[in-house]
Amino acid sequence: MDDVRFFDRAGPFALEEIAGWIGATATAGTDRQQPIEDVAPLTLAGPSQISFFDNPKYQRDLAATGAGACLVAKRNLDRVPAGTAALVVSEPARAFNEVVRRFYPDATRPGAIWDEAPAGSGVHPSAHLEDGVFVEPGAIVGMEAHIGRGTRIQAGAVVGRRVRIGRDCTIGPGVSVLHALLGDRVIVHPGVRIGQDGFGYAMGPSGHAKIPQIGRVIIQNDVEIGANTTIDRGALRDTTIGEGTKIDNMVQIGHNVVVGRHCVIVSQVAIAGSATLGDFVAIGGQAGIMNHVTIGDYAQVATLSAVREDLPPKGRYGGVPARPAREWLKETAALQKVAQEYMAARKRDKGTQEDGRERESE
Amino acid sequence: MDDVRFFDRAGPFALEEIAGWIGATATAGTDRQQPIEDVAPLTLAGPSQISFFDNPKYQRDLAATGAGACLVAKRNLDRVPAGTAALVVSEPARAFNEVVRRFYPDATRPGAIWDEAPAGSGVHPSAHLEDGVFVEPGAIVGMEAHIGRGTRIQAGAVVGRRVRIGRDCTIGPGVSVLHALLGDRVIVHPGVRIGQDGFGYAMGPSGHAKIPQIGRVIIQNDVEIGANTTIDRGALRDTTIGEGTKIDNMVQIGHNVVVGRHCVIVSQVAIAGSATLGDFVAIGGQAGIMNHVTIGDYAQVATLSAVREDLPPKGRYGGVPARPAREWLKETAALQKVAQEYMAARKRDKGTQEDGRERESE
Amino acid sequence: MDDVRFFDRAGPFALEEIAGWIGATATAGTDRQQPIEDVAPLTLAGPSQISFFDNPKYQRDLAATGAGACLVAKRNLDRVPAGTAALVVSEPARAFNEVVRRFYPDATRPGAIWDEAPAGSGVHPSAHLEDGVFVEPGAIVGMEAHIGRGTRIQAGAVVGRRVRIGRDCTIGPGVSVLHALLGDRVIVHPGVRIGQDGFGYAMGPSGHAKIPQIGRVIIQNDVEIGANTTIDRGALRDTTIGEGTKIDNMVQIGHNVVVGRHCVIVSQVAIAGSATLGDFVAIGGQAGIMNHVTIGDYAQVATLSAVREDLPPKGRYGGVPARPAREWLKETAALQKVAQEYMAARKRDKGTQEDGRERESE
């Protein structure tokens, strides 16, 4: 079964053509017409495949590679083995990314599960679909929804009443989108939940009364949202995800949260209600952001941290509660030393006591 | 697109009528016939809208508000700006909640995605539906299922064999309910998974044998369950969620767990198998409860805590492992001081050594 | 409603027959023809039911049980109350598991929601289904998919283009399987997401460019995957889950991850991209494994730990960051003592100062 391919590959391409895409220089003596059929990592690449080297950690893989060609920075040129043609570029990882896109032009956006729009039994008569919208079987588009051209609603996805989705979006299998407005080129991966009620109750001694959640979710252009992530709609205002922000799997975003533009939020993060993130904020995996907290532009929060108070722009933060990363790391190291010294001292005390006892019993 | 409204608004209502709903007193000189068209937060409210002030943190927002009317406690009356009519109530937040309900009567329960029950192709002939059950297109109701009147099964939801769901429930898009009995007025948000196998294996040196999970899930009246939460069915007994309990998004509830009445469980909490929570227990986000642990009535557990041993009723607990919150906070503060003193001492030592070296090199 | 049964029960069986299944010995004086109708836990079992005793923690439950029969180890034989027939086996829990399987033969694999395959409107004409595949209504099988005999695709599940699923698998309600190859006897619980894009971007000052993810997900035989878990496909290589591995609910598995055979991964664990787990590795709930880390065969990681560096085979590890469990527990205990001593010292200092002040004011 190993030959199953989920993406259609373009090519083969001559080495020369590939060099042209990325502004690379072939080293003297290279066969510029050498045909390249595929991309591969160093450890798996064969003579008709191209790879790249960037991270010094993988020096041995480069030395042992069977790749026909390899993208490298100039400083690593002499590490490329004899049988492998070297293409010199300033940023090999970034250039390789472009090469992969050329070989797999359909791989940057989720592919179709079904090749043609069905009769449309899943689309409510009052919904408005521009030309070129694909609604796969099993998908449901609710009352008065509005969907822009080039957008694909995949099998089993549900688009709620009055929801608006822009152009060239992909709404993955089993997704639900309710009370939301989405921009263009938004990718929503399988099982994402957008726009359900925020978690708001008036607590009381005999039970908790539900607070109506009448806000919406606004997702701006070029946002990507990972599988099974949940984004609640606002209570009185909107929950907003800014342009170009990328969200990983199983992230929780509470009601009224405002996430800025071009943020990166890693898996299993929880952002509690009414928190605000600036632009280009990065949050490491499994971190928690408390409600009503504000995080400044470009701030970076380490994995597993708990942000309990506002963080200023820029800088790195970590720990429980989150503080400047340098301070946090120093404190952690100091406490480890304190623990070790304490344990060593106890051992000495015990030794002395035992010595004493031994002498007594002599 | 900013005018898209997902809920139908009632009104306008005269200020007098609103005051009557909540037992509020209008201050002298107020136009009791002033028409109010909508609710809004202080920062967004205009002259035809009503807002509320409760949290002193938002004093500035009150001072600058353009709201036509505002609910306030008597002690804050003189903070309301001149152009805003004040309605005095003892609990402004709670009263405002009631006002929102009157303006948006359809916002306390998830709305329809499709306006009429389809031909019923998704309902198995052996299932029993009382009158007034709505099964949206794409939803599947399995063999011998039983659903009470007023309940809506939303697009793409799956109700398993022999499952019983009470009256006036909402089963959201893409939910699955298996091996479960649900009471009345239960709200299950999108993507929730109820009643799949608990995680039980007889571990062995050559692999792990699956332990049959033959219990059920019992969900009592007025429970609300957040998006993508998972509740496994019991192994030999039942997994039970007590009346009025509110569960946030992406909470994991293992097999045999018993959650009492009116508990509040915040996002990404994990409750391991056979744990027991009393009534009115509150668990903060991302906390973990170990298996077979019991937590007493009214106990509160802080975010990110790990409960490894039984906790008595009442009181606040926090930390890893969870202990009385006061103790935990004191210990945390003490350790921070210890770390700082350690670092300061090391700095002094280093300074002294360097001084010594300098002298030596003189 | 308490009599609702989701599984069909076999039996009754004579005590003698049950003893034969598991190689048990009935004590002298037992009625070997005594009919047993069901299995139950000690606290709920009645005279026609069989239970087991293994964990000393439940001694009182044994003393008070009303069970007609009970599996026990020889050493606990005299603890069984008079009215209960004892069957002596070396491993009562394991033997009981076998008894449950005999009473509930259909409980080891998710049951049907609908009793017959529908007309097949959800199966794309280009898909290939072996004989004896069941596709429930609302399920979608995409283009060129291939499904082996005995496999059931449950209501609302989505199988993507070119996906291959082996024999006797269960794909639960609302699951999506994309870009993946599954072996035989794989159980995928509701809402699982397999094969969507990994989280990979080329970060840049003006935004983040998506890195194409052209790998696949390989799931070997006898794997079981818990509800709402997410497994991303590889970037250039494959994400792989080894034979017999059991994964709990809401686990995140990033791109390129390789999980060995017979691992056990508990709820809400996150395994970041390109991490490698050996065989028989066990990871406790809510733990995080950083990217590119390798964990050796048979290693065990405690709940809530953060694995930041490679861990050798065997041994137990815990803490943030994870280190040998013994070391971690000692350090944690030492720090608690340090904190207590610090607090006690401060109290004494304060006391002394106050004493001083009092004396001064005398």
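Lettered A, B and C in written order, each chain numbered from 1.
Assume a residue touches a chain if its C-beta (ideal position, glycine included) is under 8 Å from a C-beta of that chain, and two chains touch if they have at least 3 such contacts.
Worth saying up front: this structure is predicted, and the values here are computed from it rather than measured.
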{"item": "Shared interface numbering between chain C and chain A [over half = same, under half = different]", "value": "different"}
{"item": "Superposition of chain B upon chain C: rotation angle, C-alpha, nearest 5 degrees", "value": "120"}
{"item": "Centre-of-Cα separation between chain C and chain A, whole angstrom", "value": "26"}
{"item": "Residues of chain C engaged with two or more neighbouring chains", "value": "138, 156, 174, 191, 228, 250, 268, 286, 335, 338"}
{"item": "Complex contacts: residues of chain B adjacent to chain C", "value": "121-122, 124, 138-140, 142-143, 156-158, 160-162, 164, 174-176, 178-179, 181, 191, 193, 196-197, 199, 201-203, 206-214, 216, 228, 230, 232, 236-237, 250, 252, 254, 268, 270, 272, 286, 288, 290, 306, 320, 330-331, 334-335, 337-338"}
{"item": "Interfacial residue positions of chain A with respect to chain C in the complex", "value": "1, 4-7, 39-41, 44, 93-94, 97, 100-101, 104, 107-108, 110-115, 136-138, 154-156, 172-174, 187, 189-191, 222, 224, 226-228, 244, 246, 248-250, 262, 264, 266-268, 285-286, 303-304, 335-336, 338-340, 342-343, 346"}
